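A, B, C, D, E and F label the chains in the order they appear, each numbered from 1.
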Amino acid sequence: MDYSEYEHLLFERRENGVLLITINRPEVFNATNARLHWELSRVWLDISDDDETRVAVITGAGKAFSAGGDLSMLEGQLGNFKEIHAISNEAADLVYNIIDCKKPVVSAINGVAVGAGLAVALMADISIIAEDARLTDGHLRIGVGAGDHAAIIWPLLCGMAKAKYYLMTAEFVDGKEAERIGLVSRCVPTAEVLDTALEVADRLGQGSQAALRWTKRSMNNWLRQASPIFDASLAMEMLSFFDEDVVEGVAAIKEKRAPVFPSTKGS
Amino acid sequence: MDYSEYEHLLFERRENGVLLITINRPEVFNATNARLHWELSRVWLDISDDDETRVAVITGAGKAFSAGGDLSMLEGQLGNFKEIHAISNEAADLVYNIIDCKKPVVSAINGVAVGAGLAVALMADISIIAEDARLTDGHLRIGVGAGDHAAIIWPLLCGMAKAKYYLMTAEFVDGKEAERIGLVSRCVPTAEVLDTALEVADRLGQGSQAALRWTKRSMNNWLRQASPIFDASLAMEMLSFFDEDVVEGVAAIKEKRAPVFPSTKGS
Amino acid sequence: MDYSEYEHLLFERRENGVLLITINRPEVFNATNARLHWELSRVWLDISDDDETRVAVITGAGKAFSAGGDLSMLEGQLGNFKEIHAISNEAADLVYNIIDCKKPVVSAINGVAVGAGLAVALMADISIIAEDARLTDGHLRIGVGAGDHAAIIWPLLCGMAKAKYYLMTAEFVDGKEAERIGLVSRCVPTAEVLDTALEVADRLGQGSQAALRWTKRSMNNWLRQASPIFDASLAMEMLSFFDEDVVEGVAAIKEKRAPVFPSTKGS
Amino acid sequence: MDYSEYEHLLFERRENGVLLITINRPEVFNATNARLHWELSRVWLDISDDDETRVAVITGAGKAFSAGGDLSMLEGQLGNFKEIHAISNEAADLVYNIIDCKKPVVSAINGVAVGAGLAVALMADISIIAEDARLTDGHLRIGVGAGDHAAIIWPLLCGMAKAKYYLMTAEFVDGKEAERIGLVSRCVPTAEVLDTALEVADRLGQGSQAALRWTKRSMNNWLRQASPIFDASLAMEMLSFFDEDVVEGVAAIKEKRAPVFPSTKGS
Amino acid sequence: MDYSEYEHLLFERRENGVLLITINRPEVFNATNARLHWELSRVWLDISDDDETRVAVITGAGKAFSAGGDLSMLEGQLGNFKEIHAISNEAADLVYNIIDCKKPVVSAINGVAVGAGLAVALMADISIIAEDARLTDGHLRIGVGAGDHAAIIWPLLCGMAKAKYYLMTAEFVDGKEAERIGLVSRCVPTAEVLDTALEVADRLGQGSQAALRWTKRSMNNWLRQASPIFDASLAMEMLSFFDEDVVEGVAAIKEKRAPVFPSTKGS
Amino acid sequence: MDYSEYEHLLFERRENGVLLITINRPEVFNATNARLHWELSRVWLDISDDDETRVAVITGAGKAFSAGGDLSMLEGQLGNFKEIHAISNEAADLVYNIIDCKKPVVSAINGVAVGAGLAVALMADISIIAEDARLTDGHLRIGVGAGDHAAIIWPLLCGMAKAKYYLMTAEFVDGKEAERIGLVSRCVPTAEVLDTALEVADRLGQGSQAALRWTKRSMNNWLRQASPIFDASLAMEMLSFFDEDVVEGVAAIKEKRAPVFPSTKGS
């Protein structure tokens, strides 16, 4: 498998079939631009076909895992039907391609994870988080319905009460709390997060490969069965991009101020 | 929206579209009589249509949230087909009208919550509980199958092992434990429970309203999909009202003694 | 009901309709041979029909609950279509017969639980675990996909992130951790595990029996609805028994060494 | 397998592992009394365990397949909680034991099929009907909700529009129409119905048995997944037995007159 | 119940609790304007609460049942977020309020039925169609995804192959064909359609009311369970209203010419 | 998009974005060898990405659509774990890649369709069949459980009674009957089958593309939700390849005689 076409992902082969993928835009905290978003939706197909890879580990370069979407990418979508149609397909691919990836995926959540980055972090089969890493779904911050991965998996991770609370308030969760409520598999001291993820991946790499892949496939039937729930949440998120709220939401972030959403004028 | 027809619910408008609803029968710990049960099933339709309300907060007057059903209401149902047919519809409305309420609902569980009161407390999108508040489903105490909200949501809140334990034993859970196992969103010191709920509601009231409502709708698809599970549990609960066990169960509560259920004579 | 045909299960009647079942092969840590596996799949039908039993408690004799499958039983299955066809039916019976057992089942997990023993321990309606008891699904250790109960219930017990972690790594979980993540109902000091289970069972035995059975039935609709997920995981597990990995996996355990799975030679 | 305990079912072994079962109360058109109802719920367990049987064919003695429940059996249930609790379990067993029967079941619907008889006729994996046989679910005729098999399978047989029409009106469907709308597998001239069923069974008896059983199991996952829909419909049917309408419904049939249901006095 | 507020629906009480509702804009073939759309979504709530009504029959005045949406209504929605948000709620209400209506609904499809009119015609529990009536979902004609009722019920009416064919091609189906493929309950000569519907309704009005309502509720659990599928299709339909294709689609209809959809310029 | 790598599929571009794909091994009735099986699983990914294609039509060269799997391909799989593991992935891809193909697919079933060819014919969104074309699932003929597409879609095409009948007996269905029971969208005279399919495709090619794709996606949520049912059926089919029955089944076909399956010796 040749990964040289990827611009923002680095690839490093380790022992026992482990492939370490690093999201590599550290200067912007690994925020997703259009190219990176596409690469994060696509790479799992290549890993499925890569005969040398038995387990993938994904982490972020520098201090962040991935800080969400570039504002410029978001601005290009607002009210633009063609863009939104395209991004809705890519957002679905990002989620389903991890679910359907034949090899197990381990995320090493070394720092902040937001938006599409959070989707990758939590859709991974096993997620190792740093104690001081912080997560937030973030859609509500910009006036968009939570939709790219949350509806399909959060209720099966941390339960409905926690899921709705964090999605509706868009509050941050730190690593310890994320582990306590079940959002992630394990929480470790920040300095150990990558080593721990690689150690777990190494063990999986030495495991029985058919057995591992079938275990993943079996468990993921809970997610496949929830496909219509995902589709509904995604389409509603896309509708939000035609709302004037999101224009204000994006402007407020650029101007580093609280948004005053037009929808709060009426009821 | 005119709420003047409500007898046992108080309404107070706060800033940012927040409507505070208080269950107001403090002299009986806000137990549900027939009128209050109807009001708790109905109010969510009005809130959906209320242009001035963006978020509802519900709490109890005095020390309790709601202490379950009046014994006299229960006695009127025993073995009475028409009553039971009617109450089965109203119990379904109570649960589905919260699920389908277009606006987010926050519960401030200030004290004990049992029966229909517990249904309201836990079906709310966000639930804030006082540390020393105590919850119990309570159906098994009177010899009735757990059915008015538990089957549709407990497995998605606290998991099956905890859910079956608390439903089958009818043990009380206090606020801290409820939060730990995922039954509620957050637990705070008793003195802060209403302020915290109002503060969260205020933030939601300032949020993007379409985005919030779609997030609620998306997440609640897990519950809508479980409708048949709810219907089955409700119909079985209703069947219990024709069992002689419930006669003994209600008598025992009135007489403040342990029940000796007829069904324990055979197997 | 006459339980005298059971060879490896002991039966003791207690007050209030409680039947205590003891898995009785302490010399091999209650590992399942072919006979015991059959008995564990079958006993729930008899309990459903037993007029004297209202609640069943199951525990292990000696220090273990049940240490998984005998190696000789496993070796007899490898690559043997008829054996595997038969065992797939029996493994399904073990899980569904507990789900469909009309009476509630309480497990007292006094020590290590692995494989079919773990299935019994966790499929029980209420599970009480000793603090120092240790659990592991164990399928991945021998190169077999996790399939005999995990896919149908773990996501509804401890959530997807924890479930995949423990199933894929086959790590042990101790009692405290199992309770913390929701795998079991309660964790108590080791000396108290059986008494606690019997005390809970005694309370259930004094409860309203129709109400209890309907509560169990209602909640288990979540599991019945997930039947296809179970069937898929079971069939994939059975496929593993034709893989050469499992030959190595079983050999490695007999030889008390780490396996070198053939599948790790390629990808 | 010893079938001598069955009173109202006759058993005849044919070539190729075919077992012909005849419902044998021709003097009452094979109506189900309590004993026959139990036998029809139970026989599938024995067939699953019967090493000499690969396929079961079930038909009725004389002109009818089975004309529904004896009025005396029905009268014994009215308003009787213990009876209704017991019959609800047996009605569930009748449906699920056919679904879970390891061997394929072929029904030869030689004449009228109503009530529990219809459940057996339509839950069979393959159903061969006589042109002039007539079917009706019949529950609505006596004032009881349709519940013993219809909700779990009719929408997957003949679609929702036809299903609701025939269930709500309790109209009869003849063999040709039943085949046209998909309720049954095939319709043949009356004189050929048993021979056709036996011929199909004979072919299955010569087929690959594991392949057949897995095909049945795979298809029936659609039904297992609909378990909560069945449970809800069954519990609602049972509730009907406490309604005064059913008293009138049964009386009207005994008196061979149209019922005047009390519920039609109000709305 | 007072129906005087309805402008475009006529109400006539018949014997045995039958309420005949006539869609009354014959001059425009009963096309839905904003007011009528709201009335068709709302009336089922009133019927549920109407103590004098046991069964509702709905038909169209004049030659049509309902010829779809007014073009002016459609034009008001194009690209208008607030309108589309509102109409998405109302379209959901129209479908769910029929599903949840406590009383059975019979449609007498006397002539052409398109769009929201088709939704009412096919969501009815029992549908009687005139031989020469013609149906079409019609969304694809104006460049909008099929979403207001089709996804939740067509696969359970006429199967997937027919459903996709008619939804994707937007071809008309006549009454005989609609009955043959299962889209409706019965097809009768045009002159008899209303009488037949009234006669069926009359029979239901004389039936056991609790039994009827529970039969409806039981069967509709198939639809409630498919709620996420509905939500997804509705949100995608709403997204279409921001596409430039729909502008062309509406223009083409006004100009009585074939559309040349912009999306057919690329792929 | 460059389709030159395909060996056994021919590609021809038509007006309005229609791509005609011809299965091209007429000398063996378009039977699938390993290469063609892979091409039929893969081509849908390319069509999704092909900017020039809006609709795909697939047909067979010569008199057949596709006559099932080459015997030599089948023989290579028997008892071969690696082969079976690989083919199980490819069989899943064949089904899901049509389901997930962004463009609508029309099948022109010009002649016999069996096995993987039947999967393609029936998973197509719209299926046009020739009157004298004949279909059979065929798995049971060689002693293998029906699993590659039937369980996920047949109950939603032709209902359970017909589905089980044709899958269990492996009887052929001709074009008229296939249309009558709902297995396909339309049946036309043999000479018109390709023209009809192309004409339908041409209309779709002129339709609104986003609306079409969302309609497909919405409807296919019924199939995605049934993913666990598919996975279970596929894994059971794969298990059959380790049964000695399939050895006899393949031998019998080669020798043009009826099989005598070993499993018919016992029960």
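Note that in this section contacts are C-beta pairs under 8 Å (C-beta built on N, C-alpha and C of every residue); 3 or more make two chains touch, one makes a residue touch a chain.
What you are looking at is a predicted structure, and each value in this text was computed from that prediction instead of being measured.
Chemist: Report back the single chain whose CA centre is most distant from the CA centre of subunit B.
Modeler: F
Chemist: How big is the gap, in whole Å, between where the Cα atoms of subunit D centre and where those of subunit E centre?
Modeler: Comparing mean C-alpha positions, subunit E is 34 Å from subunit D.
Chemist: What whole-Å value do you get for the distance between subunit B and subunit D if each is reduced to the mean of its CA atoms?
Modeler: Measuring from centre to centre gives 40 Å for this pair.
Chemist: Would you pick out the residues of subunit B that each touch at least 2 other chains?
Modeler: Within subunit B, the residues that touch at least two other chains are 81, 85, 158-159, 182, 210, 217-218, 221, 225-226, 228-229, 231-232, 236, 239, 243.
Chemist: Can you identify all of the chain pairs that touch?
Modeler: A-B, A-C, A-E, A-F, B-C, B-D, B-E, C-D, C-F, D-E, D-F, E-F
Chemist: Per the contact definition, I'd like the list of subunit B residues that touch subunit D in the complex.
Modeler: Subunit B reaches subunit D through residues 79, 81, 84-85, 88, 226, 228-229, 231-232, 235-236, 238-239, 242-244.
Chemist: Which stretch or stretches of subunit A touch subunit B in the complex?
Modeler: Answer in residue numbers: 139-140, 143-147, 150-151, 154-155, 158-165, 167-169, 181-182, 226, 228-229, 232-233, 236-237, 239-240, 243, 245-246, 249, 258-261, 263-264, 266-267.
Chemist: Could you list, by residue number, the parts of subunit E that touch subunit B in their complex?
Modeler: 81, 85, 89, 100, 102, 210, 217-218, 221, 224-225, 227-228, 231
Chemist: Where on subunit F does subunit E make contact in their complex?
Modeler: Against subunit E, the touching part of subunit F is residues 16-17, 50-54, 104, 122, 125-127, 153, 156-159, 182-186, 200, 203-212, 214-219, 221-223, 225.
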